[in-house]
Structures are given as C-alpha cells and as structure tokens.
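Quick one: this structure, given as structure tokens, is what I'll be asking you about.
Note that the chains take the letters A, B and C in the order they are written out, and that residue 1 is the start of every chain.
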Amino acid sequence: MNSSPKASSPGSFPSGQSVNERLVSLGIELPDPFMPIARYAAFRRSGAIVQLSGQGPILQNGDGIFGKIGRELTLEDGVKASRITALNMLAQANSICEGDLGRIVQWIKITAYVNCTDDFFDQPAVIDGASNLLYEVFGDVGLAARAAVGVNALPMNTPVEIQAEFEVSV
Amino acid sequence: MNSSPKASSPGSFPSGQSVNERLVSLGIELPDPFMPIARYAAFRRSGAIVQLSGQGPILQNGDGIFGKIGRELTLEDGVKASRITALNMLAQANSICEGDLGRIVQWIKITAYVNCTDDFFDQPAVIDGASNLLYEVFGDVGLAARAAVGVNALPMNTPVEIQAEFEVSV
Amino acid sequence: MNSSPKASSPGSFPSGQSVNERLVSLGIELPDPFMPIARYAAFRRSGAIVQLSGQGPILQNGDGIFGKIGRELTLEDGVKASRITALNMLAQANSICEGDLGRIVQWIKITAYVNCTDDFFDQPAVIDGASNLLYEVFGDVGLAARAAVGVNALPMNTPVEIQAEFEVSV
C-alpha cells in the first residue's frame, strides 16, 4: 500500500525548526481565527481528523478582497486572495492545536471554490496561492489532495472559498 | 488539543428528552428517505463516519421547491428550501440509525450548494435554514463545520443541495 | 446500526474473479495516473481512508474532452467525459493499491462538478457515466455516496471534475 507521497516527519523541518518558529522566520503573522456568526461550528474533530468550515480572504479589520476573477479581479488578485484564505485556515488550525501547528500530521484535502467568469479556466493557478503557503510553512506535510472548481457566486462576493481537512496527532 | 466547541453529550438534552422525542415535541415529522435511482448509494459508513448523498428540497409527493435564488426565488424561499433539505438529511440519518437519532455523536460537516444568480451573495443566510433545524433538533451536536457556495445550476433546478457527514456511536 | 446498503465482499465477485481480472475481461485499460504539477498531492491516505485530488476527462496523449454541457457539449458528451474521469480515478487508485484494486473495501463518496449552462439540470445523468463504470468494475463496492452539482467553469474548460474518497484494507 502506497503511503502519501513524499511524507516527511510531521511538523518538523530538517533544521529542527518547529512549524511555529518557521512562521516567524517567514515573517508570517497569523490573524485571529474567525468565529461563526450562525448555528455552525468553526471546526469539528472526530478522532484525528479535523474539518474546518469554509474560509475566505477576509481580513480582521473588516477589509477583504471582493469581486469576481475574470471581471474586476485578475488572476494575480485571486492568488493573493487564496493566500489570505490559507492564512485564515492556519489561524483556525493554530487555535485548534493550541498554538502548536507541529501537531498537524498532514493536510489531507482542500476543496477550493473560485468565483469567476464562465470563460476563466485557471482555477488551479488561483489556488496555488494557498497551496504554496501550506508548503512554505509545513513542507511535505502541507501537500494536500486538492480540487479547484469555478463557481458563479460566493458569500459576500469574495473571490475564493476553501474547505480544508487535516490530521492531528492525538 | 481543542475538541469541538461547545460539545454536549451526544443525542441528549438537559431535560433527558431523546432526539426522537424532541422531534415530536417540535412537531417535526420526517419524510421517507429517498432511495437512489442510479448506481450510487444513499449513504456510506466507514467506522463511525457516515457520508450522505446530496439531498435537496424535494417532497415525498413529488412536489418540491424549484428555481434560482435571486431570479424567481427569494432569500426566504431559499431558507425554506434548505430547511426541507435538512429534513431529508434527517430522514436518511434516522433510517441509518434505525429510528434512534440519539446515536449521532456529532454532525461533522455540511457542504451546501446554492443555485443562485451571479449577484446573490447571501448563501450563508440560505443555509441557516438547514443549520437552524439541526440545532433545534440536536443542540450542540448539530453544530457542523460548514461551507456554503453559490452554483449556477443544480439537479432538477432545485435551489439547494447539501452533502452531510456525521459521526455515530458504533 | 445499518451498514452500507448491499455490501458485498470487498474486491471480489461471485465468480472469484479479482477486480483487476475484471478490468481485463471488460476490456478496460487504465491510463497512467496523472501527477500533480503544483504544490499538492495526487492523494492523501489517513488510516484506511484515501482522498484523491480532483480528476477530469483528460487523456494521456494530451487530448481530452473540453467545453460546457448545454452549449457546445451534449448530455452524451458529458456521460463520456465522466466515464473517462472515472478511468483516471481508477488509475490513481490502482497506483495507490500497487496494482491490486481488490484492496478497495468500498468507494465512500464522489463529489462531481459539471460545467454546464444555467438551464441544464441533469447533472446526475452526466455523472452516471462515472458511477456506472465504478459499478461495472467493483460491483456493490463501487456504489459510493454521491453529490452532483453544476458549476459555471472548470479548469482547462473541462466539462466534469470529480473528487473521490475510498476505503482500503490496511
């Protein structure tokens, strides 16, 4: 049985740097995690598997990136939006892991929805903004299975929404 | 490691009322669960985790709610549709649990697709119809991780489709 | 607790034929599995559960089926595209299982995205192309929980993308 490809030791880097130390050395500051404002949960954990609620490119100060890719937003705007979305995913994960992202054994899956025009076909390049951030921070542990699809509308007219699933050591 | 937020004892309420008794006191009558009409399964269970096939706002008598939100349907129509969709989810769950919904330990995740116009951005409010029903019936056990996205078309021109995942005691 | 409906012994048929022998007798030749070209994984496994990255109707020689159903593509084109997509899913699964598809205990879930016009409502019939292939090859083991939704755009303008999850014996 093949295991996940290129699996590295969870939450560590060859240098011995922890994931949270890695964040600091990358100059990445995590935002506060968003709390649900309706009858759902920010996340659910069953055994070692954590499911996050959908995240978007909304900043803590109320700002965010809004609009449709292929119309008022470019591919580059979308890449930036998916990177911010991934930062919000990490903020949730960091809270769940009580400040120790090294507890994440593997990012299992991300499902990414890109708000775009009918003739925009480069959803994968948009979502590379999120995937590259996960790889920068986690190394091979951050290589999740992935699907990226286009949609015609997203909440608050954001350009990107991502659902994520990861495994933690318990 | 943080557990799921506000976890309560599975399938019970402070009053000692069972989930199925709760349904009765809420005046909720479950429809018959829909059976697949093609080569797929109504649900799959692996260990304690159950995955339901996508459900929609179709009534047992063949009626249902049809149309696109933002065009011929309003937000309120969508809320009603997502509540009916959740009733169909409960009907499936009740059948899987052999009439004892108290076996559900937690609703883990719902992924909700809203058939809407390009300029409709309130998918979360539509899906509150389903999330509120889960909370009324299950309390904190019903607070699932959630994603809500817009789409341009759904099967049979229904306005809402929801995929759900829950954990049962085995 | 109800188990999955119509569960058969994993990876075997009454005739004693293995799944891979079945492929041969059906005249099905699996393509080579696609490798990710960005920072994500073709699949992730956690315990017995495998998650595949989204697959589409792309052929190994660079050809594929492209376009939107309801505009330049018909329902029949879509059925063919979803069957090819399922072949790519099987190619990934076969690689993960080191050439023994009989290790698959059950196909748990498929989430299918159909690139279509706003007035196309037969996404389930499109995805029957994939579901029927899974059933031909795996029998009841291939009956996954399923959701099929429409979307306005997919990567490379493909008409179908499918995310799949299955359980393996470990």
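A few notes on this one:
Note that contacts are C-beta pairs under 8 Å (C-beta built on N, C-alpha and C of every residue); 3 or more make two chains touch, one makes a residue touch a chain.
Owing to the predicted nature of the structure, the values given are computational and were not obtained by experimental measurement.
To fit its Cα atoms onto chain C, chain A must turn through 120 degrees, a value rounded to the nearest 5. Of all residue numbers used where chain B meets chain C, under half belong to both copies. The two sides are thus made of different residues.
Averaged Cα coordinates give chain B a centre that lies 25 Å from the centre of chain C.
Across the assembly, chain A contributes residues 111, 151-152 that each touch 2 or more other chains. Against chain A, in their complex, chain C makes its touches with residues 36, 38-47, 51-54, 68, 95-98, 103, 111, 113, 115, 151-157, 161, 163, 168, 170.
Across the interface of their complex, chain A is touched by residues 1-6, 48-49, 105-111, 114, 116-124, 128, 131-132, 134-135, 142-152, 165, 167 of chain B.
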